[in-house]
Amino acid sequence: MEYKPNKNVIAKRIAGLLTDGSVVNLGIGLPTLVGNYVPEGVDIILQSENGFIGLGPVPEKDSIDPFLVNAGGSPVTMIDGGCFFDSSMSFGIIRGGHVDYTVLGVLEVDQDGNLANYKIPGKMVPGMGGAMDLTVGSKKVIAATVHFDKKGNSKLMKKCTLPLTAQKEVDILVTDVGYFEIKDGAFILKETFAPYTADFVKENTEANLIVAEDFKQVEIV
Amino acid sequence: MKEKKILTSDAAAELVKSGDVVMVGGFMGCGSPPEILSSLEKAGTNNLTLVCNDAGWYMPDKGMVNGVAPLVLNKQFSKAITTHIGLNSEMQRQMLSGETDVQLVPQGTLAEKIRSAGCGLGGFLTPTGVGTEVEEGKEVIEHDGKKYLLEYPLKGNVALLHASVADKAGNLLFARSARNFGPLMAMACDLVIVQADKIVEIGELDPEAIITPSIFVDYLVQTVNAEGK
Amino acid sequence: MKEKKILTSDAAAELVKSGDVVMVGGFMGCGSPPEILSSLEKAGTNNLTLVCNDAGWYMPDKGMVNGVAPLVLNKQFSKAITTHIGLNSEMQRQMLSGETDVQLVPQGTLAEKIRSAGCGLGGFLTPTGVGTEVEEGKEVIEHDGKKYLLEYPLKGNVALLHASVADKAGNLLFARSARNFGPLMAMACDLVIVQADKIVEIGELDPEAIITPSIFVDYLVQTVNAEGK
Amino acid sequence: MEYKPNKNVIAKRIAGLLTDGSVVNLGIGLPTLVGNYVPEGVDIILQSENGFIGLGPVPEKDSIDPFLVNAGGSPVTMIDGGCFFDSSMSFGIIRGGHVDYTVLGVLEVDQDGNLANYKIPGKMVPGMGGAMDLTVGSKKVIAATVHFDKKGNSKLMKKCTLPLTAQKEVDILVTDVGYFEIKDGAFILKETFAPYTADFVKENTEANLIVAEDFKQVEIV
């Protein structure tokens, strides 16, 4: 079976996990794509950790507001019913468990739910920004990543090697191969995305892997 | 109610002294006071400790330079306490080379450290950072079966902020997402200087909508070239 | 953005269960939700723990009875965590006789305990109460030569609040000094019910002026008889 | 020398201590009177711990706003430039040292600056309200009391006997007899108010008392 990275599959599946009325924080990069695939009839509220809820779509070029940016510093809009607040309130919302889902990009994630996504010692030192608070504080943490790194190694690790963003906080991992819950020291395979199969995942995983009783292969369109 | 003195941005920048801990509002430049920072760059005051969410944008190939980035290039900071320097390659270089002592702090923790200082608290317990490098050297306190780091307050000498509207007493409104760290820094610094795009008479602002009370503000600077609306 | 359900005050009061920790906004009644409290009195739900700045006014000879005072008279609280009961002689009587377990907490500490719970903090260090009876049984932590008490968060099951204006999404404004504990309690309770004097469409409120974001609010109750303007 | 209690003298002298532009919190009762005597040309900002700065005079009967009350629950007004906030901000202001002067009523005050004003065990249990935070957090704490209790005992004590509101926080004591600084375990007599003399104070004080080098007798009109 040939593997082809596909970020949109990841974004689409994650979008399907978000419940109606939930408060969601989407990280910069891949997680941002999730916003494009939220199913009709599901009304989510996007939180932006730089200080507001009600994040809306990217503005037209001629209506950019220099004072309304997302946590990546890019111009955005606000939907009706949104509101602004300061950073202590923003992280009060995050740390206080008032964000239902946070979707984060990943450098490493392991079978214990540990996450590393902010630092490669001596090489990349951007800083953790809001990622540590988001990972610790959100009700459900969803990690999003392509299934294999550039060398072809599975991203499902036994143990993270990079400095951690947070300890044992990741609940769900969605790759372009499958959807996993992380529980009791194992990746629980809930779905593969056609054409990938459970066997394909097993063959390519060294970490603890359990195929869920209700496992199914699904088609992501 | 008394009026606050209105300074030029150059006069405001002169109030910042070498060695000061300077808190600068803004998130990737959005909410930083461009004209005060520009005057401070001109003044060249150095050996400063920067407290700011980030180091601004410095991506010269894309023409993106904002926030505190010009002062980083100008090597005015000997130390920085910040959450993210990923958009400023020069700050990363200075950190990796050891030229600047950069302390990276989780964003919620930085916000709360500043608020703690402003509110007279001696510190707080946060779950953020437990089991990570952030924990190193910190006291871990367990309560109700959960681990927390004991984090201490962070005070500053000067806050440099950007408001959309100020009244002459110093009450402040902030534009949309430019609010971020501004109201917190206003409480935590000995000297608070605010660049306001618009300055109105006392009594013109709705007292229920004011974000930062006048009592925190020392000086106002009237924006000369408003970039927003 | 989704709309919040609008309940009658009677239906709202039914959501409060015997044994609940109930946070009630207001300062000497100013900011307490009179109609929800009146329905809760009628419902007679008891064995509640009250968290409120005070016990309201109960000076029947002066015709002053407000806030939670009628529920105190009705003996619906088995416990109260509050800062001041000086204007409610019946609460004082219940405390002195041991009928109600009244815990008196400094006002700033109570506010911060509630905020801590809402903000996911594990506690905070405050200088307030050091060297007083408030210190008893608490951990004292010294930092930078100053002593602080370690205070823990306080969560609630239900918050009963009064807003001047809500939009249908649940964003809130509060009238003048009626704001007090409302925005803090909204963050710290599983279920947040707000009596609003006016309910407007989503999008009608200025997003920079909203005090409590909609995400904290579960149910709205439209005031039937507005007492203020 | 005959003693006659006079609360207005206390309020007048305290009003004269407040500096132009300062932020002041006046406790309920006697301290509230201070507001009536602030000299012309001195512009102070009154903080009300239930959630605002810019406390103004008592309203006319026909313009009472039920949602604008002071920390005693009584209707007040707001001056231009005032603003409202929640209780955590209000006590952030107080605890954070942003209130320049707090004026508090007193049950007991002693030579170490200890203050008791919230409780008489078994008898009076109103609760401390905001008094503990105000005493600990304000830059200068001014205690206000008539000089003698009903039994004729001086209120200048060696050691408080009632439960303390705060430890060693009182800076200044103003009675209807004199104005004292409290420092290094003693009441420093700065002024007596005519007709009272330093000798009168000495004769009636058991606590440590020092007559200041710059002591003077003044007339409070």
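The chains carry the letters A, B, C and D, assigned in the order they are written, with residues numbered from 1 in each.
In this section, contacts are C-beta pairs under 8 Å (C-beta built on N, C-alpha and C of every residue); 3 or more make two chains touch, one makes a residue touch a chain.
All values derive from a computational prediction rather than experimental measurement.
Asker: Among all the other chains, which ones are in touch with both chain B and chain D?
Answerer: C
Asker: Between chain A and chain D, how many steps is the shortest route if every step has to go to a touching chain?
Answerer: 2
Asker: Could you quickly compare A-B and A-C and let me know which has more C-beta contacts?
Answerer: Pair with the higher count of C-beta contacts: A-B.
Asker: What is the distance, in whole Å, between the centres of chain C and chain D, each centre taken as the mean of its C-alpha atoms?
Answerer: 29
Asker: Just how far, in Å, is the C-alpha centre of chain C from the one of chain A?
Answerer: 36
Asker: Chain B to chain C: how many Å between their CA centres?
Answerer: Going by mean C-alpha positions, chain B sits 33 Å from chain C.
Asker: Would you mind listing the residues of chain A that make contact with two or more other chains?
Answerer: As it turns out, chain A has residues touching two or more other chains at 52, 78, 84-85, 88, 91, 94-95, 137.
Asker: Give me the residue numbers in chain C that touch at least two other chains, ranges are fine.
Answerer: 112, 115, 119-121, 126-127, 174-176, 179, 207-208, 211
Asker: Please list, in label order, each pair of chains that touches.
Answerer: Every pair of chains meeting the touch criterion: A-B, A-C, B-C, B-D, C-D.
Asker: What part of chain B is in contact with chain C in the complex they form?
Answerer: Residue positions touching the partner: 112, 116, 119-127, 141, 143, 146, 148, 150, 152, 173-176, 179, 206-209, 211.
Asker: Going by the contact rule at the top, pick out the chain C residues touching chain A in the complex.
Answerer: My answer: residues 1-2, 115, 117-121, 167, 169, 171, 187, 202-203, 205, 207-208, 210, 213-216.
Asker: Which residues, counting only chain D, touch chain B once they are in their complex?
Answerer: Touching chain B from chain D are residues 20-21, 23, 43, 45, 52-54, 78-85, 88, 91-98, 137.
Asker: Within the complex, which stretch of chain D touches chain C?
Answerer: Residues 48-52, 65-69, 71-73, 78, 84-88, 90-91, 94-95, 119, 122, 125-133, 136-137, 163-168.
Asker: Which bits of chain B are touching chain A when the two form their complex?
Answerer: Per the touch definition, chain B meets chain A at residues 27-31, 53-54, 57, 82-87, 92, 95-96, 102, 104, 106-112, 114-115, 126-134, 164, 174-184, 211, 227-229.
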